[in-house]
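Here the structure comes first, spelled out in structure tokens, and everything after it is commentary.
By letter and in written order, the chains are A, B, C and D; residue numbering begins at 1 in each of them.
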Amino acid sequence: MSSSIGKNYTVDVFGESHSAAIGVVIGGVPAGTEIDRGRINAFLERRRPSAGVHSTARRETDEIEILSGVLDGRATGAPLAAIIRNADTRSSDYGLLKSVMRPSHSDYAASVKYGGYNDYRGGGQFSGRLTAPLCIAGSIALDLLQKRGIEVTAYLAAIGSVHAPSYKEYGAKVADILTETKREELRLSALPFLDASYTKAAEDEIKAARSAGDSVGGIIECVVTGLPVGVGEPLYDSLEGVLSKVLFSIPAVKGVEFGSGFNIAEMRGSVANDRMYFESGAVKTRTNHNGGITGGISNGMPVTFRVAVKPVPSIAIEQDTVDIAAKKDTKLAIGGRHDACIAPRAVPVIEAAAACVLYDLM
Amino acid sequence: MSSSIGKNYTVDVFGESHSAAIGVVIGGVPAGTEIDRGRINAFLERRRPSAGVHSTARRETDEIEILSGVLDGRATGAPLAAIIRNADTRSSDYGLLKSVMRPSHSDYAASVKYGGYNDYRGGGQFSGRLTAPLCIAGSIALDLLQKRGIEVTAYLAAIGSVHAPSYKEYGAKVADILTETKREELRLSALPFLDASYTKAAEDEIKAARSAGDSVGGIIECVVTGLPVGVGEPLYDSLEGVLSKVLFSIPAVKGVEFGSGFNIAEMRGSVANDRMYFESGAVKTRTNHNGGITGGISNGMPVTFRVAVKPVPSIAIEQDTVDIAAKKDTKLAIGGRHDACIAPRAVPVIEAAAACVLYDLM
Amino acid sequence: MSSSIGKNYTVDVFGESHSAAIGVVIGGVPAGTEIDRGRINAFLERRRPSAGVHSTARRETDEIEILSGVLDGRATGAPLAAIIRNADTRSSDYGLLKSVMRPSHSDYAASVKYGGYNDYRGGGQFSGRLTAPLCIAGSIALDLLQKRGIEVTAYLAAIGSVHAPSYKEYGAKVADILTETKREELRLSALPFLDASYTKAAEDEIKAARSAGDSVGGIIECVVTGLPVGVGEPLYDSLEGVLSKVLFSIPAVKGVEFGSGFNIAEMRGSVANDRMYFESGAVKTRTNHNGGITGGISNGMPVTFRVAVKPVPSIAIEQDTVDIAAKKDTKLAIGGRHDACIAPRAVPVIEAAAACVLYDLM
Amino acid sequence: MSSSIGKNYTVDVFGESHSAAIGVVIGGVPAGTEIDRGRINAFLERRRPSAGVHSTARRETDEIEILSGVLDGRATGAPLAAIIRNADTRSSDYGLLKSVMRPSHSDYAASVKYGGYNDYRGGGQFSGRLTAPLCIAGSIALDLLQKRGIEVTAYLAAIGSVHAPSYKEYGAKVADILTETKREELRLSALPFLDASYTKAAEDEIKAARSAGDSVGGIIECVVTGLPVGVGEPLYDSLEGVLSKVLFSIPAVKGVEFGSGFNIAEMRGSVANDRMYFESGAVKTRTNHNGGITGGISNGMPVTFRVAVKPVPSIAIEQDTVDIAAKKDTKLAIGGRHDACIAPRAVPVIEAAAACVLYDLM
């Protein structure tokens, strides 16, 4: 099922930006698991536009309704279905866009694939809005992981040209930085950097792009601590493989690297190899260029990865594009409500995606 | 099945570096397809060590035996099973390695996961040797794609510090460079760069590493031309997602990016957006920052991606590591036969992996 | 995903008898397919209790709400999600049943499996009510099949001791009997037998059981005409295998046979073998003991199968059972609203299940 | 993958009757499991033709070669691949059969499906011979189940018109009959009936059919004891559904029923309902009409099912059939080596199939 993730903890997402509702069917929630709508809502709150930073004016109240799978606040073992109604959808904003393609959006590819029957309003099923149901599943998975001592923490590493220190600098010790206090601080921040001093510059970068009717990309990092050794299934359900498959399915993601990623290609083996040692009976490595994964399975070090997020393609600046009905070139300046930078809102989505995959593999 | 790829063109790989044989079971080869063992062998020849460049002395004759699924040179429609016997396996080289872990190899993670029962000789199922059966499946898929006008071409973009021009420089016009002559030249080269003038420097880089008992990484690029619009299935079988899942399961791959990948994170939308236009009735884009994929599905432009390959972890230089039987720190200098750089031999593997995925999705 | 059917036409069902809603997420509906809520409702109407025959007093209005995947009456290509609200659920009827197990129901097995957290009200996800979402998916599949000239027709072959003539008697000519007029007659009948003269006796059988506070089982037959040769995938996605998997997942089904089924075990090969001949260029068989399937794939003859439906386990007669909270034996007489025979209402469900499977395989 | 079974214990079968080899790739064998080739061979011995009973003259030595996944007699955790070479294949026997279809065989359906490229020799992949690799996987699964106290026992319930007492007669007490002594007796018998006094009549039935150049069918029963409560995954991976899917993929199986199966359709609920009671703290039922499965999941009682096996379609008696090359009717008398009754040899195959499914679900 191409709309779903997982084998044991299964997540099947549905909906379109302007359909009656979006939602998710989750299988594999252990019977008896406490399902706290408040916690799920708090998690979803993190992916909502934040007044100070984001420009999108669409109010996504994202009121969750649980349709099945929960009785008296606990999972019944049956599929947990939940929906979010699509209110406040100004479809009229999109009238024109049935034939005029938004550059770097799914519009053209989707129109060809679905013979023009795709729901073009707001990008249909390709909308970033479909990450909200994923966050419902992710929120539950994060709780289940946390009970096993596993923490999944994503944060910003770059916004446009503003690059903050990465786990690559912190090396194998990044887990020491990610104290519970730091994680809470990151969760509450509209622009969560490991080093909060980068927030101001990032905010300026976003504001500058917005003022110019433009947008800007960013890089998100994610660190998973507490994962036991041995998660991931060779050959083709490798931990990197399964994670990347879901990560690349999040709108705007164009690159994924684990550990030192593309930098490792320039290293010699004597540098890239993570030297091993015993510490209090546990096997550890001095460096963590492999990002906690060797042979496609977790090795006990923090799992670290980075995700490149492209600038939002919806910009106010006029662009060259095509009108596929008229079969001719045209121009387009996109009005309506759009974020100038999606990366901050994608941070919890990365956590949710990673949590769904990790819980599924365990 | 974690050892398999695909839904319609299914590839199930088995074997270990020192087991009796390695092999593959391929489902979904259309009945009647010509299966030419010579062509498959020629393809596998490309991933064999080449005297000038590679150091591994293990002679992999890789004689393919087809066990089923072919009658009178044509696919019968039943699963096509093929094996390669593991001859010339000097298991004695590996005696020590049951308890002394090779840093940055799968050894430790696998030993924990499988309770010490994993075949530790030569990395067992984690060995790069398991890419040979994948290449059998890939060779057949490449032929099937070629009949539909689709070409998959991988080549080297970097070896260690030697960076050759990338498709990122060539932009949307990379397809024009990849003429049939150029592709044939790349296929025949032991160090295939788009610009052959980088071969010498790359060779020197590898030789220098080898002389130092060390190894070096590299970057491989891949360009797919002729792919129709609409390949990839939202939400979670996105073209990027499904490709990356398999790519990350190839040993030593630590990063995957599509189009401009991590660079796009620094761009503004007005730059990153690929401006659209009509050319002879077809919709094209001026740039190709999205690597031919928008909304997770192909958009008609060349599909372009890059893969970071880490340096071979087996090096002659002595390294810190652990002895898990003795539960103490130790040192290890790895003898035996090893490549100083695996990236050149991974080039056809990338093509094979991409071909299996693409044919499966079509 | 254990709550779903299919690879290409995927059907993921959720909900519980007394949850807020039940529903379905359908993938693989071709973009542009007309989705007519009226037709779906008409189909669902067939599985509703019918005053003359059924005793269940629960009014299932089964108002369908389509949440996504349809725009302007046509499928968009995105997952089609639809729900039915659970109104009129008298949960108080079920208070006792958390610890007193209903014999031959899922209660005990489910309670152990889910640690007592399962939704015990009305059987939770095991309720026959969950066949309603399957019927939504089936209704769409039936339409898609019909456009290709494929008809799926189920009817009653037996109610309790009343056995009507079977396709086994009609042999290879059953398709000639199933004219469009006959099919429409069957669709409109509360007790659809091929030979309508059996209706009265069947009705009496049901009434007698009900008067006694008891229930009775039945046999349903299904005939598929127009299916092309070659549907079914060896070895393990055989047409019989894939159909039976879904059929056995319909509550109360305890037996499935194709063609002559269990009778064929008594035959000699010379009788059981369906003699082949050409008729107007098409290959046909004189008999159809194989039920249109040989080697697990369709052979062009009508696909015929029979399904045994057990008597509804909810009966008013007092039964021996256990109280798992008190850990002691007890007695139970089940009040509330229950059918005395579920077989008639299962007829459209069998059609729906078969249609989903067949369309998926094509 | 249509050639495979299972999600956790995966079984991927390949080969054709006259290909170089047949084989299996098994995933999910726990690392460290003892793999005893002698035990596997002993199991396969049970499905070999037995001189007294069977007529097939083809000597299937079925020498197993393990290609991967085993080191020093224990599973490594990597896929376990094993093959059996096809020796003694008299392909010349089959020359004619490329265009003359054997009635009730897969020949015609396969020829259409695969455009005539299918391996028609000996039925190709549709041959009963492909059950040998399934038996390899089944033998390992049976051992793994036995370690958990689960026994899977199949035996003959009928050969042609000879019907022996069924578990239906023995009711919930069938487990008491199946002592280890009885099971061993069944394993060693060429015609294993619960009541050995039926062996003679069955043998006569088979001999009579053979003398007439004909064949005869049979019924196999299977009883699973020791299965814990809760095996099976609603809604669509029900225990009945998943078992039946594999059972129907065994050549010649045309019917599957659980517990009282088709007989239950005639019962009233007050009879069919299995009355529950406590015995030494365990919940049991007085009868077992549901065959140990309620709501699609195991309920702690013995799992019982029956399988109808059709007579071998290859008979010496001349039959009407078609020549698809000449496009005309013709006659066919099948020479060569064929069993007059396949049911006895299918007994261990049923055990193997059930074991693979049950171990996978646990």
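In the analysis below, contacts are C-beta pairs under 8 Å (C-beta built on N, C-alpha and C of every residue); 3 or more make two chains touch, one makes a residue touch a chain.
All values reported here derive from a predicted model rather than from experimental measurement.
Between the contact lists of subunit A and subunit D, the overlap consists of B, C. When the C-beta contacts at A-C and at B-C are tallied, the pair with the greater total is A-C. In this assembly, C is the chain whose CA centroid lies farthest from the centroid of subunit B. Interface residue usage between subunit A and subunit B, two copies of one sequence, is largely shared: over half of the residue numbers at the contact are used by both copies.
With centres taken as mean Cα positions, subunit B sits 27 Å from subunit A.
Spacing of subunit A relative to subunit C, judged by their CA centroids, is 40 angstrom. With centres taken as mean Cα positions, subunit C sits 47 Å from subunit B. Residues of subunit B in contact with at least two other chains: 2-4, 7, 13, 78, 110, 113, 125, 234. For subunit A in complex with subunit B, the touching residues are 2-5, 13, 101, 103-110, 112-113, 123, 125-126, 130, 158, 160-161, 209, 212, 214-219, 229-230, 233-238, 240-242, 244-249, 251, 253-270, 272-278, 281, 283, 285-286, 289-291, 293-300, 306, 308-315, 317, 319-322, 324, 327-329, 343.
For subunit B in complex with subunit C, the residues that touch the partner chain are 7, 78, 234. By the touch rule above, subunit D contacts subunit B in their complex via residues 1-4, 6-7, 10, 12-16, 19-23, 25, 27, 31-32, 65-71, 74-81, 83, 110, 113-115, 117-119, 124-125.
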